[in-house]
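As written, the chain order gives the labels A, B, C and D, with residue 1 at the start of each chain.
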């Protein structure tokens, strides 16, 4: 499997560069018989789309998804689903001046070290624009899982050190769904916008945290030993550009706890046994418990900032790096990472859900 | 690929249960021509072995590795390397009384939900004993990479909330290599042992953090987009039993930073350009920069504790869970996770190192 | 990996249905730094294109390849290469009347059994039109391997029982390269055209054989045990629509031989040892010997024939199956299978060539 | 996935050399809840075991299987099933004299070209002894599929040019099940034994054909496009040592047919539509039709022959190759390939059967 693919049964692959003709995604392994609602798919893409606020990149892509295969009469056929999103607004000329410079915090240094060549226009393949393909694949996964009651929600839980991690989900998720920056409450939205605006004004960027909650997940998903559900979620989320940390359930905090305080007990109601607490974050031994799966991911500040930065050119000479005038970038990548985190979680769940059909002799 | 396998070119698979006949590991994809030193391999296993202190599980396994294939005249042949470690000290009888109970914090609940059957003896496949296979595979990876100057070191950086994360590596790593609990300094060792002893006395357990440093890694390792080096390391480490969090470089702390403070610059010496700082943790855009790769992992407290715990039996009736008298477990799984983290890092690097041979037309 | 992908390092995936918007192929794993000549790629597609003779399907597709990613300044970047070939000439309306009928010899019966849904327009995903993607991927592989002197040639060696298998390659391959039906000699071309024309006139179709020769293959390619080079070639070629048999070297004929007559000896010249005969077909123990790899594949007669056929409708009622007037199909699929066989061979070799870079400690 | 592994959901890996400590196989992906009958597994191994007649290798291995993991209380747990067969009768000393010689028809030349090292004792990893692991994995697959009514039978259909391919299966399969050389009739057995004995007496070997029939296969197995069921069977069987050809259904013969004679029609009985003929060999468009899947494989004569052969030593000097006195080998590898072909078919079917659980939204 190529390194631009993800998954085992429900798989997807993306192609395309930020300033190339298009970004494409091919979903292979979606079961046949799923009515695929193109407007719901578009709605997921719109949530990730730039331009909703001055703090997120004002590039006016339409991000219009075109389904090119695998759907017949509105229903999936079992054949690969190819979705293409054209790049209609890319202005590559603005990037010409940067071709000879190393971009601080960016991947052009490492791409050059690895490949000896780099498509520098707008970040090329390393651009966050690639994530539009992830969101499209995630939209397919969302519709696949919807019938089973599985849902994925995420929100921006911290920006630049200002954290709102502890809001109850039943308030945070609905609010985030309406917030243009995926903030979990009115207070958080106001605080975050203030921080974002301040950074923007100063030509700088900020980091942030994204929290996710996966509800309605049946017990039994995830495979020991190396395909633990938490490891798959971690791998999926850590592959999002700028992600530097992942934690499941109480995460790093459990390192300070004692076992007597950390172990969840069990309860029995209606003849069904379930864990009575959920410090584990919905996963035990790599397998879902049936309780909500939750966790957080850390995103570094956007590497592209408006103020000048010291750097070198490709010959090693001192240089100043300036973004082209009018260039577009997010002040905080964590904002638009929210729907991407959701998408990656849904993809992991869809794959685990299908894989689980082979766990027992008698089938699911 | 089955879910008990890991890797793409340098791959390994493990089999075996805690109280079965043996734990086995098959390394497939190690290049031919590597002189494999069995005593170095055994040394790596000995570091993970239980029994070195009262705080770690006193089970007296020898953990003697037997190489059964793939090596001829002391040199790898390119064929799969099968390594078997017999279970010589497992006392399954002690676990018979637990067969009908759910174990708080353990995986028998989820295995039963998934598979409808569970080998309850000593935790079965979900036991941390499985990690002996990872360490054996990691020992092969270590020898494979040694000629290229790649090294992996890890240490116990926090126990039960007491943290020594910030010690300089050139002091922490050599000290940890000699410490029986992989502590990074004499002060840390004393503090950690105190906490471990206190928890043991109280029939409890504690969580901890493991820090890792990968030195001498050439630039260019890791594949965008879904096989980013950080995502692979995250996946590998999050698959270790009890791991609940992973961070790369400055990790969660970057979420509070600004881009102007977070972006590393570049410097040029001897005609070679390198990043001048390393907040990125040695990876940019998923590809190694050539600087040390570092990060941390969080481990929850050992689920097995000596004091009685409330639980349910498999029929949902209230019950008290008591470990069998004389049963053996670690007070803090993070301690013995240290060599396992090292092993998983080495395996990821070995795989990325071989994958990178196909990155350019002209070969490595 | 989804079932529409092929390969391990040099991988490709196809998407698209015969009468959908387009056929697409994504090549992932092509090394960076390869100058990719779009006109050479187009030339390979043109060889497979329909319309060159009345015996092959007169559908007037342009089969114009559009490279959408992975190439920058004419050179591969290491990112996925997406190539799209639009379906400009598909007339789906003609197929509407067939939606309710089982097509003898076709896959709509089995697709319906498997998926419960079938895109019946022109054969949907099961159409031989999918192979245009294979040829595009093969064209990339051909250019990748050209620098190493590897070449792949194929020709039509038998049609409807009339066989020209034994012509010397140095005559057959150059002639086939110019023949519009890939015949290996003027005599074969005349004989084949006569058989094809006769079958066409009678509203029927015929089967055929394709022979292939892979020259300049370095020794050492192919991995024991399950990735033997012959097994990979067999898998690749048997996945081409209508292929029912594959043989390597002397193939089925060796079953009648004795070992003393079948074993190839060795010779030494210029200090280099090589097999002195090549009954093995260039592969021993699954690994290339350095001598030409050759073999043959059998293709059944085209399932679509012009004369009426008895069949059932989807409700099980007797019906007569008639191709829509003006519908287009090949009289013998083996003809246009020739460039597809070449392409699949090249893809297998490219993958084995890259995989082999990890065979030894010291690299290639 | 390493090259010593096979399969996607139902996977297996083998390790071990002919004269090493043991041959091992790890089955990963067998569903939980399967009662695994160790005596049935042993019976399958006994069928492949040497020593049943003077014409097959008299090496007196017991081939006693030891199940080391993945089974608890006689039932599979979903964890990897490790099966080890010790090499108790290997006499490596006899092979010492051959270390410096190229073995005609053998793989030591290509292993040396690829890896630079070769375990020459008894053929090392390239020995047919590796197939004992395949048969053990096939025995697990056989038991997995038995409940669904799937069966696999194979027989020796030709030896040294003497063919009995056309016997009716309902006579051939039961007879072959009792024949010590898997012959399909008393007449075939007598004829084959005569040919084998003659070759043995003359210090030579002969090739042969193996026919297989897979009954009770449900419709819908196999994935288009690159995981066509026929391509998977071909890949599996072509990976067996000495296999040089594979054909499905009528195979190479269809290349001489016309479509009107080759297309199978349909019939409807009890409301179920099925093909009314089976020239396709039970597979259309890569997916099973529900009718028996059948085909043939060609095996070259055993490369090891008793009479002296001309060869070179590793320095390129002329030499004579003589098998060590008392060395053991089959006169015709096709004989013992019969249970191996069965095993590989069962493994492919088990994998396709589990993969098919994800083909539709509503599950199997």
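Odds and ends about this structure:
The criterion applied here is as follows: a contact is a pair of C-beta atoms (placed from the backbone, for glycine too) under 8 Å apart; a residue touches a chain by one contact, two chains touch by 3 or more.
Please read these numbers as outputs of a predicted model, since none were measured by experiment.
Using the mean of the Cα atoms as each chain's centre, the chain most removed from subunit C is B. Comparing the chain pairs C-D and B-C, the larger number of C-beta pairs in contact belongs to C-D. Centre-to-centre spacing of subunit C and subunit D amounts to 26 Å, using the average Cα coordinate of each chain. In this assembly, the C-alpha centroid of subunit A lies 38 Å from the C-alpha centroid of subunit C.
Put simply, the C-alpha centre of subunit B and that of subunit C have 45 angstrom between them. Residue positions of subunit D touching 2 or more other chains: 1, 3-5, 8, 14, 29, 32-33, 76, 78-79, 111, 114-116, 125, 224, 355, 359-360. The touch graph of these protein chains is complete, with an edge between every pair of chains. Those residues of subunit A lying in contact with subunit D across their complex are 8-10, 29, 31-34, 76, 78-79, 144, 147, 224, 354-355, 357-364. Residues 1, 3-6, 8, 14, 102, 104-107, 109-111, 113-116, 125-126, 130, 158, 160-161, 199, 204-209, 219-228, 230-232, 234-236, 238-239, 241, 243-252, 254-268, 271, 273, 275, 280-281, 283-290, 298-305, 307, 309-312, 314, 316-317, 334, 355-356, 359-360 of subunit D touch subunit C in their complex. Interface residues of subunit A, counted against subunit C in their complex, comprise 1-5, 8, 11, 13-17, 20-22, 24, 26, 28-29, 32-33, 66, 68-70, 72-73, 75-82, 111, 114-119, 124-125.
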